[in-house]
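Just below sit the structures, each encoded as structure tokens.
In what follows, chain A forms one complex with chain B and a second complex with chain C.
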Partner chain A sequence: MSIVVENLSHIYHENTALQTAALEGVSLSIERARWTSFIGHTGSGKSTLAQHLNAILRPTSGSVTVDGTAVLPEKKRDKMDFREIRRKVGLIFQYPEQQLFEETVRDELAFAPRNWGVPESRIGELASKALRAVELDDSYLERNPFALSGGEKRRVAIASVLTCAPDYLVLDEPTAGLDERGREALLKLLDRVHREGTGIVLVTHDLEIAFSRSDRILVLDRGRCAGLGTSDEIAAQLYRQPVSGLVLPEVMLTALKLRERGLRAPLTCDAEKLAQALIRERRRSR
Partner chain B sequence: MISLRGVGYSYSDTGRPALENVSFEVRQGEWIALVGSNGSGKSTLAKHLNALLVPMQGACFILGLDSREEENLWKIRSSVSMVFQNPENQIVSTVVEDDVAFGPENLGLPAAEIRRRVDGVLKVCGLTEKAGKAVYTLSGGQKQRLAIAGALAMGTQCLVLDEPTAMLDPEGRQEVAALLRDLHGSGITIVQVTHRLEEVIDADRVLVLDQGRLDWEGTPPQLFRLKDIGARWGLEVPPIVILRERLVAAGLITKETPPTAEGIGTALCLSSSKI
Partner chain C sequence: MRFLENMSFGQYVPAHSWVHRLDPRAKVGALALLLTGIFMAGRPYDWILWAAVLWLCAALAQTNVAFLLRSIRTVLFLIVFTALLNLFFASGEPLWQWGIFRVSREGIELAWTMALRLTLLVLFANLLTLTTSPMALSDGLESLFLPFKRFGFPAHELAMMMTIALRFIPTLLGETDRILKAQLARGADLDRGSIVRRMKAFIPVLVPLFVIVFQRADDLAVAMEARCYRGGEGRTRMKPFCWRTADTAALAFCALLIVGQKLLNWVIG
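Right, the complex of A and B next:
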């Protein structure tokens, strides 16, 4: 169970004066059991890559396959199994609340299952389940999505993708614009969805989130792969060779500085963990 | 120095009041940090401390003077000064020393006294070399220090700062923090409004406002021991601050260590080489 990206390139406005290479020769394998993060500066190509994963964008060259189903280039789109890809991969754009369009939360949540031909009798149950997943209750079903708070709108938009129970959930900067309370609630939701077996692909420039949760991190820099590895590997790499726009979290930076000076310190963003390790280490050496 | 008793304030007749039944004391020489998320009422509260706003319910006494009595305003404002978020809004002259002299001149002080005060506060604020320079040549941090210098030149005993570092870069924030530490050391009372918890580490006491009410009060280490700051108040304790707190508590680094990777890294290496 994986999404395989091989030597993927994407050129916007090809053969026009506006031609821009957004991705060049990117390869990686995204396992469903893992949490994968794409990090990079604005304009590094991370959103472009994310949008290939459910065929919103099609490769200019190279390939993307979702559990064996290929995302085909534009000229072969008639042969592509869009349904299969879109059922497997749910994509949540940045500011997903802008995607809301129905008059009630119930219709918003019912929209995708209806399109999939789910019988009307089952839709209510799916909607309730998705609402519970984002910690809202059934009292929201009859409300107008446009009258909700910013954080609630975002949760409804995410619930509307969860109704289809995708195998992979791709999220583009899902915490942008949320306050601390909203950010923590959203991360808790993603942790749970991940635990329950959904593959998470997170596009973010919040390195603290990326380092604290990812099994694998892809670093993009001007459309090219500038690193692919575990959180520890990528942290150490960014410390040696900084990539513009990617600032290491202070706690992890502290650990890296200590290691450089010959002290033992775990590579982590978790302040409590690092503090405990340092205190233990000091007691041991006394 | 300042005493609030059951202060309430509303901006409109309908809707939630901006402040509800807020009571606390600020003692002479104390450093108080007033924290809360957006809309918690902290700026409204700050404006009560030098009578820019007066309570609708309850009362506010500053140096024992009731802020509702108009004849007290002059004395209140000359002993408690406000410094705002944007330094640009509180600088009135084009030359640094002229700006500092503006307040004392309005007090009608003799020229020699004005000179003495201007030189004195510029030195305290680290702006002596900038005395004759144009204000527009200053950095953000220098401008905010100039705004503080202007307040000090008036002989203020208490500074109320409303998010003084919100518009500054990290360097400017550190300059202002260092100045506040010096002023606190010299006996000035400080009330600092902020939502950046890394800035409250030097305060004697932290007050947390939530939806117009005083919800929590304690020392910075007590605050950082709480587990639910994010969910409860929408505030974030930067992880580096937590790391610093734990290491200070365990005696691995001193409490003067700044909450930065470089500061903590250097302090730990120093202390480990001593054993």
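Right, the complex of A and C next:
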């Protein structure tokens, strides 16, 4: 169970004056059991890559294979049906609350299951389950999504993708525009979804989130892969060779500097953890 | 989505040609004169004259007729439809008849003149938008319509509306693209089924788009008020228009063309 991206390139507005290469020869493999993050500066191609994972965009060259089904460059008159891939790979865009359109939260949540032909009798149950997953209760079902607060809207929009229980969940900057509490709540939600067996792909420029949870990190720089590895490997790499626009979290930077001076410091973003490790180290050396 | 990418009609292409540098008011005036001339044209050599003028203008604007012709695609249907209507339904002595369809000599004549006339109109109009930035164009129109303000004509308001509308076209295309993708990701099926089903399938795209448009309109209103916008009264320009000899020359040239056409008709008879 994996999404395999092979030598993927994508060019926007090909053969026009506006032609721009957004991705060039990117390869990686995304396992369902892992938490993968894409990090990079604005315009590095991370959103473009994310939109290839469920065939919203087609490669200009290369391929994306989702659990054995390949998405290849578009040819004339090929009527490939990607709806199965889109059911497997849920994609949540930046500011997903802007996609809401129904009169009630119940209908909003029923939109995706109806599109995939889930019988009407099961939809109610799926909707309540998805609502509970985003920590809203059934009293929200009859409310108008446009009358909810910003944070609630976003949670309803995320729930509307969770209704179909995707195998992978791709999120493009899900924490953008949220306050500290909203951010924490959202990350807790993602942790839980991940524990329950959904592969997470997180597109972000918030390195603290990426480093604190990812099993694998892909660094993109102007459309090219500038690093792929575990968070410790990527942190060490970014410390040695910085990539423009990516600033390591303060605590992690401290830990890396301490390591350079020969101290055994864990690569963490949590100041408390770092402090305790240093205290332990000091006690041991006495 | 391909259909959002190819918008060749009415697009401004920046350059530093002689036509680009003309005062927008002169260009609008010249266009009005040229269109008048084209409406008065009727004989074969008139068309040669106007085609030559188009070629000259295109050369002065550092573009070419082939590029201009691409813009005709969007209105091709209208031109063909008008030509066919004239061909089959014009009055006159029938050469050929089948039911209500009747082809006459006058019909054939009307059909091709109409097609040529419309094509030239569109091409000249397109040459204006190609060489004049939307901002300059709406400012030019505003100052041309200013004298009618006395009769209650809202020149400034119309120009401002036009500027805002033009400014938001690319933004809204971007938003549409994004919403479209978001709904596709939720399993929306936009290009399958009957025409009614397809129209219905666009509701999930249109509703969020309307919400965004109203939100943007609100934001824009606040931003304008925050900068003390109070309408056109007593407003000055950052880049005032400056009428040069070239502008007078362009207008005079266009007027001469009309006179020339008249003379040509009179001489050749």
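Keep in mind that, in the parts below, the second predicted complex is superposed on the first by the 282 of 286 C-alpha atoms of A that agree within 3 Å, B and C clash if a C-alpha of one lies under 4 Å from a C-alpha of the other, contacts with A are read in each partner's own complex, and residues count from 1 in each chain.
Here, a contact is a pair of C-beta atoms (placed from the backbone, for glycine too) under 8 Å apart; a residue touches a chain by one contact, two chains touch by 3 or more.
Not measured: the values here are computed from a predicted model.
Shared-chain residue A:C164: touches chain C; no touch with chain B. In the superposition on chain A, A:L91 makes contact with chain C only, not with chain B. In the superposition on chain A, A:A112 makes contact with chain C only, while chain B stays out of contact range. Of the two partner chains placed by the overlay, only chain C lies in contact with A:Q51; chain B stays clear of it.
Chain A residues in contact with chain B (one complex) as well as with chain C (other complex) do not exist. Across the complex, chain A meets chain B through its residues 179-181, 184, 208, 249-251, 253-254, 256-258, 261, 263, 269-272, 274-276, 278-279, 282, 285-286. Against chain C, in their complex, chain A makes its touches with residues 13, 16, 51, 54, 56, 83, 86-87, 90-93, 96, 98-101, 111-112, 115-116, 146, 160-161, 164. Chain contact summary for the complex, chain C toward chain A: residues 5, 178-179, 181-189, 203-204, 207-208, 211-212.
Contacts from chain B toward chain A in the complex involve residues 37-38, 230-231, 234-236, 238-243, 246-247, 250, 252, 259-262, 264-265, 268-269, 272, 275.
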